[in-house]
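Below you'll find a set of structures to go through.
In what follows, chain A forms one complex with chain B and a second complex with chain C.
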Partner chain A sequence: MNIIVCVKQIPDPETPAASFKVDEQAKKVIPAQGVAPVVNPYDPQATEAALQLRDAAGGGKVTVVSLGPDSARDAIKHALAMGCDEGVLINDDAFEGQDNFQTANALAKAIDKIGEYDLILMGRAAADWDMGVVPIGVAQALGIPAVTVAKSIEKDGDSVKVERVLDDGFQTVKAPLPAVVSVSNEFGEPRYPQLRQIMMAAKKTVEVWSASDLGLSPDEVGEGNRVLPLEALYIPKIESNVEIIEGESPEEKAATLVARLREAKLI
Partner chain B sequence: MDFGLTPMQEEIRTNVGRIMQRFGEDYWLARDEDHCFPDEFTDAMAEGGWLGIAMPEEYGGAGLGVAEAAVLMQTVAKSPGAMSAASAIHINIFGPNPIVVFGNEEQRQRWLPPLIRGETRTCFGVTEPTAGLNTSSIQTRAVRDGDQYLVSGQKMWTSTAQEADKILLLARTTPREECERPFDGISLFYADLDREHAQVREIPKMGRHAVDSNEVFFDEMPVPVGDRIGEEGKGFQYLIHGLNPERILVAAEAIGIGQEALDRAAKYARERVVFDRPIGQNQGIQHPLAESWAELQAAWLMALQAAWLYDNGQPCGSEANASKFLGAEAGKRACERAMITHGGLGYARELHIERLYREVLINWIAPVSPHLILSNIAEKALGLPKSY
Partner chain C sequence: MSGYFTEERRMIQQNAREFAMKEVFPVANELDHVKGDIPMELREQMGELGYFGIRIPEEYGGLGLGAFEYTLVTEELARAWMSVASIIARGNGLFGGFNEEQRKEYLPRMARGEFLGAVALSESDAGSDLGSVSCRAERDGDEWRLYGSKMWCTFADGADYLTVLARSEPITDPKTRHRGISNFFIPKERGSLPEGCSGTPVNKIGYHGWKTWELHFDGTRAELLGEEGRGFYGAASGLEVARVHTAARAIGLARGALEDSMEYAKQRVQFGRPIADFQAIRFKIAEMAAEIEAARQLTYFVADEADSQRRCDREAAMAKWFASEMAERVTSEGLQIHGGYGYTTDLPLERYWRDARLTKIFEGTSEIQLRIISDRLLEDR
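Up next is the complex of A and B:
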């Protein structure tokens, strides 16, 4: 079974809030000094799912793909250390500032270039922008089904059976292969690479493809060609107030509290 | 001159950091209170292959250098596990070095793979009640008796001996007065810790309660000749071969603990509001913390330089000693400053600062005191007359 896993390197979500800054003029996040970027926390789960499916099928290949700066090689190396077979980095300054739809398009081109695949797996969302649209965008570009927020994935003949996480329960769906499936944290803990695997991964070469290698023209990529224009970028100011409800008795306090909550349209 | 970590070292930091995240502050506080060895943690490290980081590949290790081992130990100690975590695996990382360098092939095949897999647990029997830094005056005797030795005597500060199966044991095979030089006549063994002939008594101590420290009493404990490392009488030379890497690792651990304390102090100083402003806005709080940051950074560079020298086959005695001296002082001071930054809460167990402080003192005292380090640097690096 041939599987392609897409991974993303993101700013560390554990970065202290005080170090998180945006340049409102340039509409860009300013990388926090001295905090190394990390693999999007959902992506090792997608990688884990890919490795389990490959091994259950008794063979095949897992290729890991990432679109990002040169440092995104680390995210690929991590997936290789977990047990993926090959890695591809899509790296080009021309991608700078582009949106999720352009990224989905570029990933779809890379997946086409890789060729044979039965399944494409990704994390349910990237923890930086938390939009979760790339899996659907890739499926759209490739003209194949997308199943999102998977808790478990099972190959079933020429299709895939996926248990999805909903707000109020679980849903089991079946989709014909090839398909895109996004994996949620409910899938379970990913494996920890062993030192020996890390060393083997360090020796593996990661292929690097540019925009032109993927047949993308300059008027499709980059900030100037965003499908989703970014109007403004700022850190919202959150104000909080505390009001102590006074009253003679617990009953009176409760009644006042209910009235206040109604006024605030919270109940 | 490249001051960055290599991609491999970055990978070590990331992956070991992930393992450390599985063992949170509650886990380590509980081990400190119940005095139980952190088996789950050592199992996780063995499973990941980390115990063999500096051991040769042909025996199941990774064949990496002391620099990589230092990054590993700094990452382990820069966690709520601090010295309890570091000491639980410390001996596996570089302790078997005399076996690697001076053992024969049969011994390496027999001893190293189970150590790397975490199946055998070993301890270090060097220090004695009357022989701490002056190792040549050890009293423990190994008397040849046919194809075995009979070991009698007492060791002190033997960590992890409560559960160890093996002991790397230094004993006199020729009385000191019959030797030309005081360090001759000492042999090194990697022996079964045979509890029929060895009594292990735990020493109650100030901190690092998860990892036991012990007195070990030997009463004619038999050790086969085949368990002696190298030649009889040359054990001390074999032992000192591994001392520089050990100093570097102890430095890395102290620095890790200091960084953990400093991170906690900085977080507290950002969040704790007194007189309508975070206390971290006061220079009286800022400056000591900033000073600790600078001291820890400097000590870490020293440790990495010493490791680089060792890994490149160059002499590194003064550098390794300096890194242990600077690392321990910086780590200890960072813990003190973290405590005063937290005020009364720093003294409370639930904030973990007092535990970090109790644990970093080990790196300050052991395996060699700051006094003797300075005496050694004075002699070796400055050419001053030997004082000890």
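Up next is the complex of A and C:
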């Protein structure tokens, strides 16, 4: 079974809130000083799923793909150390400032270029922007089904059986292969890379593809060609007030509280 | 990043860091207070990752890496829990006294974490001065039997074997008392003391996660390791890597104090400002960071020298001495930055401090390291 896993390197979500800064003028997040970027926390779960499916199928290949800066090679190497077979980095300054739809398009082009695949796995969302649209975008660009927020994935002949996590329960769906499946944290903990596999991964070369390698033209990529223009970027101000509800009895206090909450449109 | 770092080393370091902070640190914070043992699942997990086989050659089932990689992993584990950084030294190779047949049998198991040792060198009256050990070994047909007591044997219960330094010939001349000491090997059941050996755990102020024992041998069966009467010299070899390992443990603890203190100083507000705004605190943090880095670079240097098969006993003693003295100062300063909260058992800082204190005592006390350094410096005088 041939599987492609997409992984992303993001600013560390554990960065203390005080270090999180935004340049409102440039509409950009200012990277926190001295905090190294990390692999998006959902992506090792997608990688784990890929490895389990490959091994259950008794063979095949798992290829890791990441679109990002040079440093994103670390995210790919991490997946290789977990046991993936090959890695591709999509890296081009021309991608700077582009949105998720453009990224989905570029990933789809890369997946096309890789060619043979039965399944594409991704994290349910990237924990930086938390939009979760890239898996669907990739599926759309490739014209194949997308199944999101998977808790478990099972290959079943020419299709895949996926248990999805919903707000109020679980849902099992079946999709024909090839398909895109995004994996949720409910899938379970990913493995830690063994030293032996780290040593092997360190020796592997990661292929690097540019925009033109993928046949993307300059008027498709980058900030100027966003599908979703960014109007403003700012950190919301959170204001809090305290009001002590007075009253003779608990019943009276409760009634006043309910009235106040209604006024505030909170209930 | 310094010239020592290849991609492989960087990846080893990063992965060890992630494992240590996610899997070891929470366990340490929970178990240190109740003096609980390092959980068996954690040991097994470390075995799967390969942490017990870092320095074991590939042909014996290990990874064939060097002192440098061992140092990197040790610092990361010690950042989370010193005892876990220590347990990897119970794998990662056998004393020189083991023969080829034994190496073939035991090293692959050791690399998987299934054959870990405990070492009984020290006695109540023989610590820095191991030449004065009094535990006796007597020949019994083809075998040997041990009689007498040992002190401070950490992990005697949890290990799969013990090595014991004992006197196989009585002292005839005090000048040659280092002779007539041999090394003995006792394979044993994990989780109990060997037959003919009893013991009591020592009450210690830190280094929890495993017990440190006072042992009494009463005819315990043992195998001779290496040459009879040359055990003292065996015990005194290969100390460079042990010293680098201890230096890395000290550095990991100090780094814990630094990281926690930076975090705390930014959050703790006094006089209307985070205490990280006060120069007194900023300078403490700067000094802590500088001392840690100095110790680390010296330790990297020694590890690299050891991997290059160059003699570095003097530098190894320097690294062990400097790093452990540094760790005591830095963990104490970290505690100071935390004020009263630092002196509670609710934060891990006091654990770093208690554990750091030990690094000045075991694996050759600070005074003994200074003796080694000064002897090397002045030997040609």
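The working rule: the second predicted complex is superposed on the first by the 267 of 267 C-alpha atoms of A that agree within 3 Å, B and C clash if a C-alpha of one lies under 4 Å from a C-alpha of the other, contacts with A are read in each partner's own complex, and residues count from 1 in each chain.
Convention: a residue touches a chain if its C-beta (ideal position, glycine included) is under 8 Å from a C-beta of that chain, and two chains touch if they have at least 3 such contacts.
What you see is a predicted model, and the numbers here were worked out from it, not measured in a lab.
Visitor: Go through chain A and flag every residue that touches chain B in one model and chain C in the other.
Guide: Chain A residues touching both partners: 16, 18, 74, 77-78, 81, 192-196, 198-199, 201-202.
Visitor: So in the complex, the part of chain A that touches chain C is made up of which residues?
Guide: Those in contact with chain C are residues 16, 18, 74, 77-78, 81, 192-196, 198-199, 201-203.
Visitor: Considering only the defined contacts, which chain B positions touch chain A in the complex?
Guide: Residues 7-8, 10-12, 14-15, 18-19, 44, 47-50, 52-53, 62, 64, 267, 270.
Visitor: Which residues, counting only chain C, touch chain A once they are in their complex?
Guide: Touching chain A: residues 6-8, 11-12, 14-15, 18-19, 23, 45, 48-51, 53-54, 63, 65, 263, 266 of chain C.
Visitor: Across the complex, what residues on chain A touch chain B?
Guide: 16, 18, 36, 38, 74, 77-78, 81, 192-196, 198-199, 201-202
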